[in-house]
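Take a look at these structures.
Each of the next two complexes has subunit A plus one other chain: subunit B in the first, subunit C in the second.
Let's look at the complex of A and B:
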């Protein structure tokens, strides 16, 4: 009798033990993998940050972790007007993204709701991305000469719009697809016009998408070297152009370049940090019961 | 109070007709239910009244106003969708107040009205929550609150109960009816559920393939369906429909089943018998035999599936009469002679 009663619970305990140990073994392996991945991702950042405080000689020893830091690189970089270049890059990025979000959200809405331009637009909008930038940059240069905007930020913004706007639009289409049509129709019946319904009901629901696409678009613009280098290499040079400028005819000024790179990655990290919470928020939870 | 009229309304999607030459007068202050199988044009009709769907031709009137070309916001209607369509980024309070505020109403009085409406629907305690924190039934109440907050001329309901479980559905059905009665507002309600249509409607409109199959009170439609389609659609369990021929005043099914139909012209006929008009018993005088296939007990009554001469028949009988009815056995059966429905086999139309 006793065995009959005891055995099932013993069996269950054994199974439970097995389950727990199994889970924790895999848990440990998983954690280790995560830690390893973390270091792999972190490594370049660490190297660049340390590099920005090293002298030229110290830079030749990548394994050197303990050293007397120098601020020479930072002095040189700040004197070279890197902050002004960063300011120009930020201006180009913010302007490009603002215009892209304004136009792209409406475009994406039209494509999502009204199949504007037919079924091909949905992906066709990215067609320009297939072309190598080298194909587009010379027409851009020729046009900017004709319009007398070469070596100005206007030329750079125009070029950046050519790839940021389609990407932002394409990115937002899926978010608009996910907003139930009934919500808009409800808003129309409840007393809003078409545009007001779009602005007050649809846009708030795609806000996480807009945030994500804005960050994404900003990074694309912020990191662009090719267009900026050819369209505005002189007084209106953006940050990547200036960073590339440390690759001089005397060789690469690695320390200064590291400092400049730090200047270029910090704003993006900060922006991502503040917006990430909005990115992960569900977009229309509770709107509709499926 | 204002009724709704549709005058010769046509709606085509490309070449596909959804609604054909619809003439419909929905009486003021009444609860009208549009019912039919999916694709019959009932939802399209409702959406044309709301202004969410344009009409291909014809006119839509609310009261004496021609609203055919008006935007939804100018039609003075409110609508409850099947999935409630609550604004997920707004609280319950803001959701209910939306129709007032969207029309530029005064905020303070809107909030007072919201409190009043929410209390009457029992969602007063939920006002500061977001819709996703509510149960299905609560979401439904909020959606109804939003519909009644601004006393519109017409309420439109598009299958509002379909997403609720059976028990809640019956509860909300009663509640919607109580609300409509107390407000006296014209209501148009779309459903594919004939039981919902029967219980809710003052006027019931059965639609089929974009036209009205029959319109009237639920009782009149149930008692005197004008076509085999309506007969089959309205009533649960479904009416028995048997194909056959009338020869010399006797209906004869190919399987051999005979039913006396005096005075009916000879020819192809579909015979309709409501399940409650199929009588089971022990009296064998002139009755036929049927085999009992399945007995489904509902409590006071039971649904009995029979097979008589190769024809399936459904009967509804009192539970007290089940003593002699066991699955597999043979029972004598008959039909109430006065309760026969006869339809033309070709057109499906009722024969007088």
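Let's look at the complex of A and C:
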């Protein structure tokens, strides 16, 4: 009698198919769907990259795929101070994320381990992430006028803290929940203080989670238009505000706009590739264990 | 102060400054006739701004537009997202790259997405209308009665990945046994999906739909980049309308009252979301 030993991968394949083999109708439909989705996602990126190398006349022919590329758009957009705007966006993102991680990691640890602050605190942290920004933006504007910090990055940083801080804290609660308690208990038995146990034992374990939260918080700040447009529309404009300024139908500026869009999306796309898997636990605050 | 409170205190202080104080200030603004140009003349007007907001037909129209936008976007994202998640679960060739690439739209700056699609769908300059014209179809994506749906399509392009991310995680963390049992019993794939997959994923589905709905409610960038509320007021969403009231017309008090009414409506959804998350976490 021969017993076929199913290797883990065979078993996995059988499970994945769930009675549907790759050759079945559903398997083919699934593949076609993925191919279609691939092109739907790809197309706008291709268009904007090609557009950034086209002249005004070439842009009038949208189906044009083969052409002599020009660097004029890139020269124009770099001269227009787009890199400075990107620098301002990066500064705002790094500042808000640093503050959020410092304060949020301690708070999230207390919430995850000791239920500090109770349900009200957890509710507040969740609600702040999904609050309509229209509720908070006018106070920020009025306060920034009173303090004479309107049209400065200080106003934008304060406003971005209102959503980056809760998002980062929420993410970290999910990651702390996943660390087994036994590790700190052992550290306490070994004579470490409670803060030392947190800093030397738990924090290193959630370092990947902190990295994912920090990157996600940065992406949110980098992408924000609403607060930045209202609080700093002028000389301290961040990258999204500058990009919104290319909003015109004239061909020459369309090329420059494409180049500016490329500048804004490349960093976040690269950053996002490293954190996608960890996002699930973070976004759901530990509700989806993945 | 105990250790746990010492750890929590800095967070609470910063949170109170960045969220709590503006939230209260906003409520105060909604009770005044605050004007950026003449801040000295500010005085309390009671519930006047709320009465004005409630009697403004444009405000109700903006809420209606937002509601339609949210329902259409989230439903489409849920269906397309589920189909893609099921397909991705079985897909093995270049697995990590395929997933990362298909998820990428959700990280792109929304104003950039809005501007890209404004020109992709533009009658004269756009690739899509040009291609459609070659097969004899003329379709004005931003015309009357169509613009709102085009904005929905853009939202679907950008945010279906969010659904895929959560639903795929949900699918992959399901236990195997029920599926094996269904297979042995000869259940059809559709039956298995409807009677096993969906019920077992209910908490993930709820959380994903609620988060996405709350997020879609904030839609601003696409409107700002493309239609500016038009044609007429057909794409004037709540966030855009409140922005206009406060920034273009300097009526901060009225705008704050409108924002607060919106918040009161949204709060119901937030409470449901909170309960679902807590329940899923303790399960």
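Please note the rule applied: the second predicted complex is superposed on the first by the 219 of 290 C-alpha atoms of A that agree within 3 Å, B and C clash if a C-alpha of one lies under 4 Å from a C-alpha of the other, contacts with A are read in each partner's own complex, and residues count from 1 in each chain.
Heads up, the rule we're going with is that a residue touches a chain if its C-beta (ideal position, glycine included) is under 8 Å from a C-beta of that chain, and two chains touch if they have at least 3 such contacts.
Just so it is clear, the model here is predicted, and its values are computed rather than measured.
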Which superposed partner A:180 touches (first subunit B, second subunit C, both, neither): first
Partner chain in contact with A:264 - subunit B first, subunit C second, else both or neither: second
First (subunit B), second (subunit C), both or neither touched by A:166: second
Superposition-derived comparison: subunit B or subunit C, residues of subunit A touched: C
Partner chain(s) touched by A:201 [first = subunit B, second = subunit C, both, neither]: first
First (subunit B), second (subunit C), both or neither touched by A:188: first
On subunit A, the residue positions that both subunit B and subunit C contact, one per complex: 284-290
Residue ranges of subunit A in contact with subunit B within the complex: 180, 182-183, 185-193, 196, 200-201, 204-205, 284-290
Complex contact set, residues of subunit C against subunit A: 3-5, 7-8, 10-12, 14-15, 18-19, 21-23, 25-26, 29, 34, 36, 39, 83-84, 86-91, 98-105, 107-113, 115-117, 119-120, 124-127, 130-131, 157, 165-166, 169-170, 172-173, 176, 179-180, 182-183, 187, 189, 192, 203-204, 207, 211, 214-215, 217-218, 220-221, 224-225, 238-239, 242-243, 246-247, 252, 255-256, 258-260, 262-263, 266-267, 270-271, 273-274, 276-278, 280-281
Of subunit A, residues touching subunit C in the complex: 15-20, 22, 26-27, 29-31, 33-34, 37-38, 40-44, 47-48, 51, 59-60, 62-63, 99, 102-104, 106-111, 113-114, 116-117, 119, 121-128, 130-143, 145-146, 158, 161-162, 165-166, 169, 177, 194-195, 198, 219, 222-223, 225-226, 229-230, 239-240, 243-244, 246-247, 249, 251, 254, 257, 261, 264-265, 268-269, 271-273, 276, 279-280, 283-290
Subunit A contact footprint on subunit B (complex, rising order): 50-52, 71-73, 75, 77-79, 81-89, 98-99, 102-103, 130-134, 136, 139, 146, 156, 163
